[in-house]
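Take a look at the structures below.
Shared between the two complexes below is chain A, which pairs with chain B and chain C, respectively.
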Partner chain A sequence: MTKDNFLELLAETIDTEMELEETTLLDEIDEYDSIAVLSLMSLYDELNVKVSPRDFENLKVVADLIELAGEKIE
Partner chain B sequence: MNNLIIGASSGIGEAVTTRLGGVAVARREERLKQFEKYEPFDISNLDEIEEFVKRVAKKYGKFDNLIFCAGIQNIKPLKVTKAEDILQIFTTNLISAMLFAKAFSSKRVCNQNASMVFISSIASLKPESGILAYSASKAGLNNFIQGSAKELAPLRVNGIAPGFLKTEMTEKFSSIYTDEFIENMKKNSPLGLANLEDIVDTIEFLIESKHITGEIIRVDGGAIL
Partner chain C sequence: MAKLHFDNIDIKAVVTTVGDKRVTIEEEAHNFGYDEKMIKRLKKRMGFNSRYVVSGDTCTSDLCVQSAEKIFEKFDKSRVEALLFVSQTPDYKAPSTAIIMQDRLGLSKDTIAYDINLGCSGFINGLLNAYSLINSGLESVLLCVGDVASRFSYYQDKNLTPLMGDGGSAILIEKGKGSGDFVLHSDGSGYRHLIIPDGGCRNPFSEESLKPKEFEDGIRRGIDMYMNGGEIFNFTLKVVPNMFDELFEFSKTPKDNIDYFVLHQANRYILQNIAKKLELTEDRLPMSTMTIYGNQNSASIAGTINGFLSDKFSQNSIKALFAGFGIGLSWGACLVDIDKIYAPEIQIYKRGE
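After this line comes the complex of A and B, so read on.
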């Protein structure tokens, strides 16, 4: 999956109308809360990437979410 | 007593079969071989439930109790839940339960004073974020327990609503149900977390109580309070 496709998927999963960029601060996304994290866990699960709520604890920017998906993102 | 136990390969079903005995039913045959009497069956084959129950009753004799412990859970916020997720949960937790009750209630299958016990959940009474399909399926099950207690009397139909339990079903979500989460649950339950034996005690109580029907007993250590 390309980075752009993943960014779109992230926005859809979090259900935000914000244009997400790698530098977007997670704190600036109103919809980024504990339910969004559960939704993202489901997204990563579909990508066969094992994650836990702890993996989200210290993330700061959208690029960290991309990094979490590892090699699934081209 | 001749018990028919559905979902006997793990968790509550395994514990109740170990303690009370009966015909153990589950999909995974290798997990049933520990029991003297067992019948492998995939309960999501809804069209085959009635014939299956008739066949098992013919083989083992009429039953005294149906103990329905099968259940699945998925943790997904509604916004990422798909139709197939909801369908899968409702098929196992509610539709198959209803069809087993239907088949069991036949005079050719159960004895006159027979009873049924279904495992619900406190999520049916207090839904939590992330498990809405599960909570709704169990709320439906509660309603079915009460309705069928009326329609199927003198058969007795009861349920148990456990709080959080450490079972194979919840262990699947160990990344969410972390040690920290479980510690927190313990703190919020006046009596702490229940264990499988507490649930089996209550099943035993319900099948022996001859004048209780349509009841759903919480066994949650007060977690809902």
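After this line comes the complex of A and C, so read on.
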């Protein structure tokens, strides 16, 4: 998946209408909360990326979410 | 993995009674600090809508007694030789509620009666106990399962409370022609993720236990249930699909030969994820119980049969997969071959009866 596609998918998963960029601070996304994290865990699970809730604890920016997906993102 | 196979056992009846008070997420959103946008999101993502809870001091046993009495309108209660009560909300800390129910239901004093403390996986473990007793020679076992979760979830706990509904089911299991295959697991390393911390011997009840405390994910007291939603969701994604594979293999039954997948109704979102992995649709894997009634803990599988599959289970012989997963952590599944059963639609609790 390309980075742009993944950014769109992230916005849809988090339920935000914000245009996400790699530098967007997660704190600035109103909808980035515990429900968003559940939805993200489900998204990573579908991509066969192993994550745990603790992986989300210290993330700062959208780029961290991309990094978590690892090699699945081109 | 514990694996068990049984022959010559049938489920004869399933009846579920739910709390008499229906509350919608809109009505109680102010308790959780949810605005309209958040309500919309919770409805869409998690399937929140309404839940049926008890009013006043109704206990799980009251719901189960109403369910059992409905069964005894059709079946002879003098045949019952054991009564099992699976719940986390007993009448008293001691003695076992099942024993009190033996008397309330007018069952013989020759009845075996004991409680089993389990939640989400309680239906499977309860059914396993019932099948084991029949396999050991008993003719008829009454299994009662359920919880009044509204009585251990704090009204301002936005994380847990809007999920929970109250239900008590009775299931009659007898010698017959059917079969059952079970797989079960436990992992106590995750016990902290779903827990009522106070009131046992580890943290005895104290004045402190009654003080509401504010956490990031809601307000609750020591005597209330705490849930780490992320950990539980993650656990479910990891273990449930594997457990299905184990059961397909152990029972030598391919997925396509199974009529219905009746799962613990944790929430719609978890079930959608499981259904997607199994490539199943809602007509074979119902997932709306929590949306209408709330998560009924150990009664949610029976509650789904009565709530959504009443006609199907009443009219046909069925091959059904049941699966429960959650508090403990504990998870289990079984595949049963059963003839048509008595499975009326959901009953609403009648207070004072």
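Things worth noting here:
As a convention for this text, the second predicted complex is superposed on the first by the 74 of 74 C-alpha atoms of A that agree within 3 Å, B and C clash if a C-alpha of one lies under 4 Å from a C-alpha of the other, contacts with A are read in each partner's own complex, and residues count from 1 in each chain.
Note that a contact is a pair of C-beta atoms (placed from the backbone, for glycine too) under 8 Å apart; a residue touches a chain by one contact, two chains touch by 3 or more.
Bear in mind that the values here come from a model prediction, so they are computed numbers and not experimental data.
Of the two partner chains placed by superposition, chain B and chain C are both touched by A:35. When the shared chain is aligned, chain B and chain C each come close enough to touch A:15.
Within the superposed three-chain model, A:2 lies out of touch with both chain B and chain C [touch as defined at top].
Look at A:23: by the touch rule set out above, it reaches neither chain B nor chain C.
Of the two partner chains, both chain B and chain C are touched by A:53. When the shared chain is aligned, chain B comes close enough to touch A:43, but chain C does not.
When the two complexes are laid over each other on chain A, chain A has residues 15, 34-35, 38-39, 41-42, 51-53 in contact with both chain B and chain C. Chain A makes touch with chain C in their complex at residues 15, 31, 34-35, 37-39, 41-42, 45-46, 51-53, 56. For chain A in complex with chain B, the residues that touch the partner chain are 13, 15, 34-36, 38-39, 41-43, 50-54. Listing the residues of chain B that touch chain A in their complex gives 75-77, 79-80, 129-130, 175-176, 178.
Of all residues in chain C, only 41-42, 44-46, 159, 217, 228-231, 233-234, 237, 269, 273, 276 touch chain A in the complex they form.
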